[in-house]
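Labels run A, B, C and D following the written order; every chain starts at residue 1.
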Amino acid sequence: MTSPLTPLHSRYAAIRTRSVALAAPLSAEDCSAQSMPDASPTKWHLAHTTWFFETFVLEAYERDFTPFHPAFRVLFNSYYNGVGEKHPRPQRGLLTRPSLEDVLAYRVQVDERMARLLAAAPHDMVLCSLVELGLQHEQQHQELMLTDVLHLLSCNPLFPAYSPAADVVAPAAAGPLAWRSFEGGLVEVGHAGGGFAFDNEGPRHCVYLHPYALATRLVTQGEYAAFVEDGGYRNPQLWLAEGWDWCRAQGLERPLYWHPEGGGGWRTFTLAGLGLLQAELPLVHVSYYEADAYARWAGARLPTEAEWEHAATQGGADPLEQLFGAAWQWTQSSYAPYPGFRPAAGAVGEYNGKFMVNQYVLRGSSCATPPGHGRASYRNFFPASARWQFTGLRLARHLG
Amino acid sequence: MTSPLTPLHSRYAAIRTRSVALAAPLSAEDCSAQSMPDASPTKWHLAHTTWFFETFVLEAYERDFTPFHPAFRVLFNSYYNGVGEKHPRPQRGLLTRPSLEDVLAYRVQVDERMARLLAAAPHDMVLCSLVELGLQHEQQHQELMLTDVLHLLSCNPLFPAYSPAADVVAPAAAGPLAWRSFEGGLVEVGHAGGGFAFDNEGPRHCVYLHPYALATRLVTQGEYAAFVEDGGYRNPQLWLAEGWDWCRAQGLERPLYWHPEGGGGWRTFTLAGLGLLQAELPLVHVSYYEADAYARWAGARLPTEAEWEHAATQGGADPLEQLFGAAWQWTQSSYAPYPGFRPAAGAVGEYNGKFMVNQYVLRGSSCATPPGHGRASYRNFFPASARWQFTGLRLARHLG
Amino acid sequence: MTSPLTPLHSRYAAIRTRSVALAAPLSAEDCSAQSMPDASPTKWHLAHTTWFFETFVLEAYERDFTPFHPAFRVLFNSYYNGVGEKHPRPQRGLLTRPSLEDVLAYRVQVDERMARLLAAAPHDMVLCSLVELGLQHEQQHQELMLTDVLHLLSCNPLFPAYSPAADVVAPAAAGPLAWRSFEGGLVEVGHAGGGFAFDNEGPRHCVYLHPYALATRLVTQGEYAAFVEDGGYRNPQLWLAEGWDWCRAQGLERPLYWHPEGGGGWRTFTLAGLGLLQAELPLVHVSYYEADAYARWAGARLPTEAEWEHAATQGGADPLEQLFGAAWQWTQSSYAPYPGFRPAAGAVGEYNGKFMVNQYVLRGSSCATPPGHGRASYRNFFPASARWQFTGLRLARHLG
Amino acid sequence: MTSPLTPLHSRYAAIRTRSVALAAPLSAEDCSAQSMPDASPTKWHLAHTTWFFETFVLEAYERDFTPFHPAFRVLFNSYYNGVGEKHPRPQRGLLTRPSLEDVLAYRVQVDERMARLLAAAPHDMVLCSLVELGLQHEQQHQELMLTDVLHLLSCNPLFPAYSPAADVVAPAAAGPLAWRSFEGGLVEVGHAGGGFAFDNEGPRHCVYLHPYALATRLVTQGEYAAFVEDGGYRNPQLWLAEGWDWCRAQGLERPLYWHPEGGGGWRTFTLAGLGLLQAELPLVHVSYYEADAYARWAGARLPTEAEWEHAATQGGADPLEQLFGAAWQWTQSSYAPYPGFRPAAGAVGEYNGKFMVNQYVLRGSSCATPPGHGRASYRNFFPASARWQFTGLRLARHLG
């Protein structure tokens, strides 16, 4: 008779299973291709998340650690210099071996070893926190699997759907746009303790906020279409200088995955395939530059991350909609360490801190974020030019 | 009772079957990846060769022509402007759909339609010559399938073998190096009629040759290793200026697929995997620049294509070895039209003529060339920097 | 008898004269060349600063405005979309016409027209503030003239000195390194009114600072040499990920303008020519990435701009040295708008605001900054990779 | 009383003087700028041609050779690896020092030393032939000075004229287009001895020519305008594949230096400034790709270099016009060694031979070629994409 799983092991099994389930609609060929250096093959995600457990947990805890395959240490290392060499990122799509089947076998073996370990040391707090980090890490890659495969499929003139079910990761629409005011003052932000958080969410600390207002919902696709039709992509006065140069160099005239229709409307490519633009849904797939230009056109600005977090943690009569589960929301805050920030010791300390330059913080979570993964103190970050994530915006205004 | 196949149909079936057989050692993932813009996925080769028959034969001959899939006309068009749009070459590896299975079904269907057509009009000479062109075309792609998959596998740190059989496309060694002299004078070159030839092999015409000598066999890997060890890649006096710049810009120090060993020797990556350099085998995987530099180091030069062809068609007491089936042999002849050359009418006229600039002619055939495909008047051509083909050299000297 | 100059006109004359004096050691050829897209020819600086007065002042105030040359509006527009077209930045060095002589004549004519205008409307406050903006702008370009010509001369294997006087823009050394602590709390930063400031220095606003310490002087060249010799450029653990990639891609091993000597020491190229590194002088010519890596190696960090400004405005017993006149000091603050920031109306509103993305704020001023140009609220900004400015760093630490 | 100059010294003095005279309409700034890596500053040409005499003549013949400046050996070495290091070609425009004045002083000093040498050893045949090579080299650079300065001035929106005299290097028009036939057969080409020739013009050797016809004059600007207006730049069937890709990648729609006028006509930029296209003058500033496309559109082809040379040396009743002094004429011949070609020993052997790959031969001479410099066996060569030279074409046809 087997003993019941510990809660952590149950959670481990559920999250690990979900990753494989996300790959189910895809062929081995789909899982192996890489459409641009920023995106990774599904197979690579499946292997790398497993590598994380093997390298950071099993290697530290197994008595007679033997790797599944000695070459995997390099092949599936993403960016941890502390672990050693890594396969060049732009060439991940050339790894036709190991096969998808081999990678799934790798997952099964590591999962079995993890099960033994979790059963043997259920109360080891360092182990549990490493495992939880690995699970949060895997959830981040679950979102990337969806954004990366969407990009891959968008490069195919056949426009294949990831899944024909029209409601795959489609967020709900919200009510009419309203503004909610916040007094600001000296407030606290950052993870307050209680539950998991990444190192970059702390330390909790004081910030002084001037009075501001936030839109109660996100900018919609219909609102953004009005900006496009008003010549938003042809007026340099609306753009940051770098954004304008970026836009001109690539000849951009609309968000990623928008296709003009003969009659003047738009089709958008989503995980459900090519379909009519849905005006009331939140805008996604815009860069920081586009979000900033739209805000200027609308007589508003992007919020800071502290404004966003403070607002997200206030109760109130006219609550903010679409904080989570709709689209990642660009803030005007550059990704920087909080006062007193210290990365964790060892190679896992490379998780967040070394990326704190030339990236912008996004808050909330998107329709592709795994359920339960987001929280008010969460700091996502991407370069200002990134468009292939589910990125949108919420308007803000200065009061006073 | 079915009637026996015509000779052309038998030949069609045999060649078409061989293409699929060449893909047999590969997974669907292997067949879908593209390692560089110059190389194509195996799956793309399998589809494009089928597209050739569908577009240039079936579309012209079938009464109620219906394409297998309307999008394939664009997806699998290589470079025929006369046919219309084409999918961008560097993105062939992103076509995870259609799947390998779909492409194999495409082959089956086109083969059935071709069978009906060949049975119905066995004596249509225009048809027969188009079919023969399609088969020669498919044989060219059979060689490319091997060179392209070798390049793909070489990018994988696991160095997987295409086939572990050590004798996959490995040519035999030849005897000791000797020189054979030719008087030259006014000679004829070009296809003489009788049997298939590409349009670029004609018209047959007169050329005046000065007295010259050719090496009786190709340069070996061992001879080239001596060049490398003598500092051949560090001495600009041996190189064409453009070749030296190319070499320096990429930091090249050896042929493609050569790996230095700790002890001073070499391993080479071949279709059989990573193994010790075999000194007596013909050198392959060098560019025109490297072939030219080696020849200068050896006090010789590359032959012209007319010298090569004239020599290849002479009988004699000390015959030339390794003319065919070993390695394509760089000549110093730029790829240019023969006097009076006219490309065929229509889109198939784009087959050869439009590439006659900045490429160099290679003669003979390689270990990867399908049996029976080569002939003395055959003109292969690649840019001077190409290395991923089975390209080697035979030395020549001016007499006079 | 001429009336005495107004104070603004005197200031105008002095600053305008200084620009021409800075070009005096240079030939017409030196003044015309552009060594990289980020740098501009001296002649272009001399013309563009004149264009600023002609376009933003004379065009608005002269009754019968006639431009000196109609093409100059485009040729010498730097980045003002509101003014219209502009000559491509990377091609400024191809403008051998107008000649240096013509540009100097342009300056003389505009100066005469400005003199008439200032005499006629000495109390027009809008005019005076536009003129002051033009003068501050010209002072910024005076520093750029020196940094750009230093870069140009550094590209010449003859290593010509801008001026052989060894003390050209060489800052004084400071005392031994000490740390000064600041309690922080809720403080005010930003321009306090009284005297000129750029729009990006306001509005003055509250910021909450956690306790911190700053080094009393800048990092010296000798200290940085120890970092280099300790393998600082070969250890990825010290670097931001993007900085490490940048460093590797360019093969960097030392600051800009450092040249290794045979015996293990260093020579540096300065405006006085090539000379021995002066260990006690402040480090200059490092990027944000290098400044950040050094700080990590030294167990410290870069200050925020608010920390720097707050510290710079405190009196005290152990004052901070080298706040001004030594080197621009990288801060960890991304260049962003202050709360409530609004750019000025019209084309001059493009002066600062549109650059507020992917740049980092530098505080203080350098040895090349014109006397009197710096102040505590001044916000200089450059991309993280910029090295050709006089950029160094002051260490900071978190207390708490 | 001084003795009269030897004929060689007179010739030396005349040619050297002409180089300086060509720079006379230019300012020091004009002479120092480099508009693209392929072009060099006038000042560099003036110095490099002097370096040629100093390095290859004076260094070999002067007893106590002391260089004018030790750094010049590297600075003004173009591409001779046998001489040692060289300054990077794309950075020639950054050499604001030495000044133009210094370079002119360099010329004066070397000319004086050359005068002494020529007076002392007037009958040294090796010396005389090196001097003659240096003079021919200088004449080649005289043409490059004009083509390079034309390119530089064309980058300036002011479109300054090199010389306002409308007839600067403008060739005369020719008569109506006719065709002249040649029987061909076994003919001799290559330099026949008697007078100077570059090493690449020999050995004289036999070539077999098939019957062909050549146009009696060059293609005119008006004829080419008809090609442009007929959609020549939009029809891929007219182009070599590489030419079409090159054309599309750069968005080309017309020859270099052509500017469309509002009303449908053309202006062209020449050394005399911007003026109306002169329909009857020979076309210049087209690449090999454009020349080849035009010929195909016109139902003709480019001649081979042997056809051209053979025709140019035949007398006859209907002579070929514009063989020399109009435009360099693209041939379909790749630049390759003649049978038995051997470069000269030593560094001067790098003059021609090492460029014999991926370039095409041009025959004749242009309006910018110094008088007396051309001859029937002359082989000029440029890459297929070169447009900034005075390059045009003469049509050819196969007879047979």
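The criterion applied here is as follows: contacts are C-beta pairs under 8 Å (C-beta built on N, C-alpha and C of every residue); 3 or more make two chains touch, one makes a residue touch a chain.
Note that the structure is a prediction, hence the values are computed from the model and not measured.
Contact with both chain A and chain B is made by no chain of the assembly. With each centre defined as the average position of its C-alpha atoms, the distance from chain B to chain C rounds to 58 Å.
Centre-to-centre, using mean CA coordinates, chain C is 46 Å away from chain D. Note on chain placement: the centre of chain A and the centre of chain C lie 37 Å apart, centres being C-alpha means. Within chain D, not a single residue touches two or more of the remaining chains. Taken together, the chains touch in the following pairs: A-B, A-C, B-D, C-D. Every residue of chain B that touches chain D in the complex is listed here, in rising order: 79, 81-82, 186, 205-208, 210, 236-237, 239-244, 288-289, 292, 301, 332-334, 336-337, 339-340, 350, 354-358, 384, 398, 400.
Touching chain A in their complex are the following residues of chain B: 27-33, 35, 43, 71, 74-75, 87, 91, 93-100, 152, 155-158, 160.
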